[in-house]
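The next part holds the structures, each set out as structure tokens.
The two complexes that follow have chain A in common; it is paired with chain B in the first and with chain C in the second.
Showing the complex of A and B:
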């Protein structure tokens, strides 16, 4: 019977395998998708002029308009009209939207080519009841016609896309995010600029 | 037995000799690293920035325009006049982030009135656009004039040159716990001493 060895032999293959496993764990940990990426909204692509359907709504963007300012009704009857100027330029997207399953809010944002996100203006800027769909609750099954208004830098318009999502605030995770290609190339933008007026009259009352 | 006799005895013992050498090396290291220098506070007074100068905080580019006190802040109904004194700071604000979300709320946390001129930071009670007094949506790369409004405590008068503090804000691309991205406040950046004015270009009261 041979004597037991005084020291345990170093099993280099085991050491190498352990180090490789640890390195792999670190590598995977560094490159694993973040929580935000795991629950990111599901993008649905669409184009202007065609209906696009999401989980709880359907949108058809019909046309776009540019304006430097809107002239709107005064706050109360008899008040003088107001001019709502853009910090950049007003882009309005005229559309029809329908909530298909449950009532609620449809939000919109503009995504520029460089990845900047611009929220649609709220319902009080410009305050155009029945036209500005920002922060307007949609009833189930009843199409709403109107517009979303975006105050954006003019230089960011080329190549921008329009995004829609259900609910207020940020797009919800694991829900649909419509991404509508607006076809805003240099020629389309030039046409929009030609049609733009410095001040678009949106008044509805005659007492001002 | 004197101290040096003791040291001599200790030096002859192997472990004590190693301990003495280690203590000497450690002391030398502390000395070389400046451990025996007089400690001074790392905190410094933040630089003052006057009205009209653009400053960047990481998340925002801010240009303070003017400040005034009033008993009716812009856009407040006339019937409310005289019930409360307000301190208003008008700034041009540019959002340097790529997203609009939550930036307005962050601005209200980053610009504080220093009630005693240096400390006692207070967040604004209201934040609104300067032109139509609606809630500001701070869109990226689109400068906008914003009014920040504080209620003045009853019975106190604002100093002729009140001061505001501005915090830095740093973007974290990927947080450790959830891997999410966010903006975190990153210490004081500027102090804005701004004289109260009676006229402010484009002010609507």
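Showing the complex of A and C:
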């Protein structure tokens, strides 16, 4: 005589709870941020004229200037002056910057409305010692007054913002990225263009 | 049989499964603890993170050698044109150290030491930076290396075991910063110290104030 087949009772509550848990897992995994999003820099918004503070630095952007070219000192004493022309147009951001906790480098980039990034020009273009803060090491607590220079296409200036971050290279993940609204609408840009000179004389020596 | 009369299965379930439940709790705790311990050890290998408080009155032992602060000079307003950009005059702080090398310490090993100044707010000033500050210190006749100093014919003189050796660290401080509450620190590459990340921290002596 064969034994009657045994049926385990189905616990519908358990089945429903398991299915709900699985659905929740799928949903959460689908919407979880990517690794890049998890470690992205933390954006801090600011405006021109007001001090903005990040983890290790403070920046106050004072004003902007446009120029087609800069006339700068020759390399050595007695050398003729040089003209540094932009491929697009020179935008300079005059500012005061302070390293608040440790010394190091402050980097800047211009972000256009369409998301393109233009890194600030290096310390040797234009070579203006004490003015061009590109690749200049800031000492802790000693404010620096100077400028960052950007060689950018003129058409990309409207709506652009200025970004600052600590260190050389790309902005570090999970560190502050200051995003300064430059207020560059059509009218402000027209004013800047009116004030722009074809060749801005930045010479400091008189022997050329 | 109604639910109230049914004997509870839970106590028996906990008892039957206590082995793997305890194992899960243990593994869960280890899953948090081990990465934390690794990350702490990695930090210690790369950053000075284990403070050794120095004796302010005598010699302090660090990495097999004796160290002390022999003197401090604070010069408000003397930090002119030191940074890599034009700036308002800051203050200069010079910390003069002495090291008595231990038996196994050589001048070259000691030369790996670095210095910094920290305040209670966490601000840090590396010793002899910017570059012009280190040069100014050397121009004033002070030695900026922990284990060697310039000798004749470009041959460097090394610190000898058991004999006190002088070196100095200079710092550029913002105007208005006072030496009170500052700590002068000495450290070797963190991965070479025992334990990893050890550094020696001196409160500035009263003479600096």
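As a working rule, the second predicted complex is superposed on the first by the 176 of 208 C-alpha atoms of A that agree within 3 Å, B and C clash if a C-alpha of one lies under 4 Å from a C-alpha of the other, contacts with A are read in each partner's own complex, and residues count from 1 in each chain.
Heads up, the rule we're going with is that a residue touches a chain if its C-beta (ideal position, glycine included) is under 8 Å from a C-beta of that chain, and two chains touch if they have at least 3 such contacts.
A quick note: this is a predicted structure, and the numbers were derived from the prediction, not measured.
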Figure out whether A:133 sits in contact with chain B (first) or chain C (second), or with both, or with neither.
-> second
Classify the contacts of A:124 with the two partner chains as first (chain B alone), second (chain C alone), both, or neither.
-> first
Name the contact category of A:74: first (chain B only), second (chain C only), both, or neither.
-> neither
Now for A:159: first (chain B), second (chain C), both, or neither, which partner does it touch?
-> neither
Touching A:100 in the superposition: chain B (first), chain C (second), both, neither?
-> second
Would you mind checking which one, chain B or chain C, touches more residues on chain A?
-> B
Touching A:183, do we find chain B (first), chain C (second), both, or neither?
-> neither
Mind working out whether A:143 is in touch with chain B, chain C, both or neither, as first, second, both or neither?
-> second
For A:37, decide between first (touching chain B), second (touching chain C), both and neither.
-> first
So which bits of chain A does chain B touch that chain C touches too?
-> none
Write out the stretch or stretches of chain A touching chain B in their complex.
-> 32-37, 82, 84-85, 87-88, 109, 114-119, 121-122, 124-125, 151-153, 156, 169-170
Chain C contacts chain A in the complex at 82-88, 90, 122-126, 129-130, 172-174, 177
Taking the complex as given, what residues does chain B use to touch chain A?
-> 98-101, 129, 131-132, 134-135, 137, 139-144, 174, 178-181
Seen from chain A, its contact residues with chain C in the complex are 100-103, 130, 133, 136-146
